[in-house]
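What follows is a pair of complexes built around subunit A, which joins subunit B in one and subunit C in the other.
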Partner chain A sequence: MSDPERSEQHRKWHQQLRITLWTLIIPPTAWAAHFLFSYLWAAISCAKTGRFATFPVLFVGGTVMALLVILFSGWLAWHKERTPGDPPPHEDSTEVDRLRFLGKATLLLAGLSFVGVVFTALPVIFIGDCQ
Partner chain B sequence: MSFHEQDDPQLRAAQDERLRAAWAAPKGFFLRWTDTNNDAVGAWYTLTAFGFMLLAGVLALIMRAQLAVPENDLVDASTFNQLFTLHGSMMMFLFAVPMFEAVSIILLPQLLGARDLPFPRLSAFGYWSFLLGGIFVAGSIFFDAAPDGGWFMYPPLTTRTDLSGLGADIWMLGLSFIEVSSIAAAVELIVGVLKCRPPGMRLNLMPLYAWYILVVAVMILFAFPPLIAGDLLFEMERLLDWPFFDATRGGDPLLWQHLFWIFGHPEVYIVFLPSIALFAMLVPTFARRHVLGYPWIVLAAVGTAFLSFGLWVHHMFATGLPKISLAFFSAASEAVAIPTAVQIFVFIATIWAGRVTWSTPMLYASGSLAVFVIGGLTGVMVAVAPFDWQAHDTYFVVAHLHYVLIGGTLLPLFAGLYYYWPLITGKKLSDRLGRIAFWFLFVGVNLCFFPMHLSGLEGMPRRVFTYPAELGLGSLNLASTIGAFIFASGVAIICVDLARSPWRPFAERNPWHAGTLEWLAYPHDEHWGIRSIPLIESRYPIWDQPDFMRKVDEGRYFLPDAEEGRRETIITTVLDARPISVVRLGTPSWKPMLTAFALGGVFIFTTYHLYWPALVSGLLTLAMVMWWVWTGTAEIPERPSKPIGHGLELPLYISGSSSPGWWAMFITMMADATAFSGLVFGYYFFWTRHADFPPDELAHAPGVFWPMLALVVGLVGWVFTVGGREVHARGGVALARAMLAASLVASLASAAAGLAGPWLSGMNPSLHSYPAIVWTLAGWTAAHAAVAAIMLAYVLARSFAGRCTPAYDADLRNVTVFMHFFALTTLVTYLTIGLFPEAT
Partner chain C sequence: MILLAGCNAHQSTLAPFGEEARSTYWLTVTLGIGALLIAVLVGTLAWRAAHSPGNALDHRQGMRLILWLGAVFPTVVLTALLLFALPEMRPLPSQPGDLTIRVDGEQFWWRVQYESGRGEPLIGANEVRIPVGRPVVFQLAAKDVIHSFWIPGLAGKMDMIPGRTNRLIVKAEKTGRFRGVCAEFCGLSHALMAFDVVAMEPSAFDAWLVAARTPAAVARGRTRGAALFADYGCNACHAVRGTEHDARIGPDLSRYGARTSLGAGTLPPTTGNTATFIRDADAVKPGARMPSYPMMPEDEAHAIAAWLKELK
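Moving on to the complex of A and B:
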């Protein structure tokens, strides 16, 4: 397989992923899932064990997973946003402009969701008890 | 029809006549109220909500008059309690939310170049429900029977029938009824935005107002149902003594606070975002340029919507929850400032980059931003838990929330009023009166609410009907009262301006020289919405597409005619707005109004414990819905497709996931599933709060057998429906009917088995929260099984009547969507009540 072919294939796998109104909400949904998880984790571990885990493995794992989902969808959106075409604003009635707009909006949401997840994780570091 | 045929003025005149006839409003003293067109229903809706706003405002003025001086005796404590409860409840439920729905019903079809929203009769049903429920709730004040427990109705004060009277039932049942109309509006608006856009209006060209409405309508689906679930539990406690919120019997009053605020906080953004959406329309018009940072606004709207669901506990900082939980909500409350600020900066940037005309709407917009930002900043303060512990339940919070709601909702609505009045009536409001009113409002709001920050910090508690002179808060309170009356004078001036409007001359078409589709409307109204449905190539087609208005007016775009005399609009795809179908819309009818009144009977009779009339109303509602659906939906067209111009031929019937009906069912069921998850939350919430949940003597009730049997039989019913749909699509009509009948029987059997579990294990729901919540989950699921049986019977009847065939199978496909959700409900309920007690 020659190099251009390989890079062609390499480019394709993520280009085949479609980006739609549903993928737009993946980053904030990851935030929401992480937030609910954090709340339930704290509420259940405090109510049922009566104390806070000293090293919250479950919490760290959940947080890392949420951040990875957000980073991946942000990265994908960034690629879509860079689809060649006119400079912004993407306001023509063309498929490529719609794609680049959705890419841009998803990327921005990924940024906000990343910050949101970090915000949610901070109390676990700084508070660390059930009072 | 070709492009050139439209050159013929006689043809155009004939088309005009046909469109006018198809869209003619019903006339006559009684018949006019059967109208379902968005321009009529939207106008009634807006006026009604405005009327409730004025009444709720008068209630506030009475309160301010009472508080003007210390130890005043204008009203007694009981009246004062009713005043503040009703003021808050009405402003939220009867003004802010319905006003957004009302304005959207008027504007959205215009903005999307659609002839109407996809379900005009549903809008009318929503309006009549709102009117009836609103009069019921608001009218209670005149009989000294208004709710008096505060707008968030905390138990146990409100659940104990010896402490609170009929008012609490009026609040719960009356507002539940109105919540039904909000969900109806959400369905209508979501499907409208996603499926009724004009060809070419891809997602990146959608007017920002439509983005905001889409986001807000989705928020309603996730915010209102938890409150409906809470209302259900609340009324079960009040009417049947099931102890969900009674701590002595395993209940917990905090469960209500959770369910209320899961609704209550997103609610703030539900009323804020649509008002900001009005800015997104008027700022570009007066800056005379495209809005800057369109994707940033989408970020802000979607981001705010999500984050707003992570804020609810900041209303419960003082309840003694673990600090780690408080901190999560504090963090999210700080994070929501980011998207909120982004949209404000986008508007400032657009104004900065444009050539601004300082019109009256712009004055309101900029003034409201200033007020809103102050409220936002105090919001960041109270989002910090230690500060909130100090400010909680003081006038500081009153000041904060009024700055937010007046700056974020009311003043932007006045901006929208001055901006869109010419669209609705064809006439401009007075710039002079508008500006005078603005300064009254602006000075009034600051004079009224700024001193409340100080009186709150000095210790003035909320919800007291008077205060001693020794507190030294007399002058601050007097200033607030004067401010309130100045503010009210501003509102009065606006009312005068509105009242003078009928005598003013018509304005020119598109008087602000705006670029978006809604301004295609004529000053002298045509009821057809838009003459021909345009092909969109820009976010501001009136500015950017050459000869746009003329081409629309001359019918040179799509669907310029109503050959069959039917009301029609185009359905397009979600992402790229490719035309896929023409749908026939509902025409004026008594059915929506009568159905709303029948449903209202259920709620109102229940309030007065008149259960037999309530049952009759319920059966009547069911009959009305059946009649409405049978005669008005999934009509098989006289031919499979019709031309819409430019060589396009579109089908007149679609079913499945591209059709509006399927989406409406899906969206309704999302709301239903959210309400259900509120009940499930209740079950697990009790488990985390109480060591004895389930209590020892009930540790093996309702047992494993009956719930598992109900689960298996319910899932069999689901499989039969899905299989029946597939067999039906392949032409096996007789076999499909048999499978649907089997599914019907299985649904009913599942309901019986589900109820048998708690019944046979002798669970008494009034003894403890555990049997109460088990009965509630089983009852909810059984009710869904009963609805499934009714729907399946309906599809069978349609099939035998020849109205549901393999080629025209929308009924069956929509019922299948219900059955998917029914299967999910069955699964969660029976796994929870059957297996969870065994696992603990």
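Moving on to the complex of A and C:
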């Protein structure tokens, strides 16, 4: 492990969080959920009010939430990815390589998902039409 | 040469005469130039990579190059394009009093209704007239299958879907004669489903709108053509203002003489072509929803055509 001398208790809270294949898919999942949310929000709010909302509070809130989730998992991944170890490729079956690989992959996915969410949200806000 | 054959000024997104088409045109130009610059950049980088000695870049520098040129640069460019293009995709602003033109796509022609204020709408076919400089609201629908209403020089296309009314707001900026087409395959004569577009000065348009409602003087005349029109039962489908013929199945022929095309942009509307069309519409437009009259003598077809040509 990276710092074996530190005991579990002395680690910061975020260092206790583990990253796994499951946490790897958090950013793209947030992106997908936000994508679905955009369609649902537009359909439901248009059907209910008959026109595009002047201030789409709920939509902006949902978007900010998706971005925060992605930012958080990216930040976490960035920390894990900085675990000292060999340069890439991280292909040995050691704990360090596993961490560094998952960290880097999650970080890249988080970047992509962040841009994906922004590119989904912009049309909704800018076109602002119910047709 | 084949590409040049597509060049013209009356049906082209590259010869815009409306607000929306103009911004689309500039977006296309920007994208074209941008794509060219990026192609040159990528080519130069590839050439340099192939011609520089091995290990000229270390791993870190290579990764940095990928990060900035491969991820950050495209993201910034795409975001900028998105921010530029999205506001253009908004419908143009319009007020309740604006001129509304309802167009129905039918196999294989266009029913056109000008609705302005109170009173009966003015009915026409296969020709759309619009004033320059004023927003015009098109209400687009279809009777049978899906069609698509596209005036390339004016605005983007809009589908015409049975059971639904789509809105397209346009604003012409230049006067002239242009052309629109059906942009959704709709049957045998889909390729022969076009229409004429006339963009007019607002004052000329207002005058036309009033004049068009007054029936042509010859409509009521007791000519041979007028009599034959009724004898052959053309009035089962066609209306002519100023007569008792008011059927709404086929195109309104009240101002056929003022049209610049026959059969929805298919042929020049000469008397000869009109007579040919009347006797055998299916030969001119396969699948046309107008019966053929193979037994009709040619001179009778000519007489009807001559009468129709006088309806202006």
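The criterion applied here is as follows: the second predicted complex is superposed on the first by the 120 of 131 C-alpha atoms of A that agree within 3 Å, B and C clash if a C-alpha of one lies under 4 Å from a C-alpha of the other, contacts with A are read in each partner's own complex, and residues count from 1 in each chain.
Here, a residue touches a chain if its C-beta (ideal position, glycine included) is under 8 Å from a C-beta of that chain, and two chains touch if they have at least 3 such contacts.
Only a predicted model underlies this, so the values are computations on that prediction, with no experimental measurement involved.
Chemist: When the two structures are overlaid on chain A, which partner does A:Ala105 contact: first (subunit B), second (subunit C), both, or neither?
Modeler: Only subunit B; A:Ala105 stays clear of subunit C.
Chemist: Quick one: classify A:Ala32 as touching subunit B (first), subunit C (second), both or neither.
Modeler: First partner only, subunit B.
Chemist: Quick one: is A:Asp86 in contact with subunit B, with subunit C, with both, or with neither? Answer first, second, both or neither.
Modeler: neither
Chemist: Which holds for A:Leu24: it touches subunit B only (first), subunit C only (second), both, or neither?
Modeler: In the superposed model, A:Leu24 contacts subunit B only, not subunit C.
Chemist: Under the stated touch criterion, name the partner, subunit B or subunit C, that contacts more residues in subunit A.
Modeler: B
Chemist: Looking at the overlay, does A:Val115 come into contact with subunit B only (first), subunit C only (second), both, or neither?
Modeler: A:Val115: touches subunit B and subunit C.
Chemist: What is the contact status of A:Asp97 with respect to subunit B (first) and subunit C (second): first, second, both, or neither?
Modeler: first
Chemist: Indicate the residue numbers of subunit A shared between its subunit B interface and its subunit C interface, in ascending order.
Modeler: 115, 119, 122-123, 126-129, 131
Chemist: Which residues of subunit B touch subunit A in the complex?
Modeler: Subunit B residues touching subunit A: 200-205, 290, 294-296, 298-299, 302-303, 305-307, 309-310, 322-325, 327-328, 330-332, 334-335, 338-339, 536-539, 574-576, 688-689.
Chemist: Applying the document's contact rule, which stretches of subunit C touch subunit A when the two form their complex?
Modeler: Those in contact with subunit A are residues 59, 71, 75, 78-79, 82-83, 86-87, 89-91, 166-167.
Chemist: Could you list, by residue number, the parts of subunit A that touch subunit B in their complex?
Modeler: Checking each residue of subunit A against subunit B gives 20-21, 24-25, 28-29, 31-32, 35, 38-39, 42-44, 46-48, 52, 89-95, 97-98, 100-102, 104-105, 108-109, 112-113, 115-116, 119-120, 122-124, 126-131.
Chemist: What residues on subunit A touch subunit C, complex-wise?
Modeler: Answer in residue numbers: 87, 111, 115, 118-119, 122-123, 126-129, 131.
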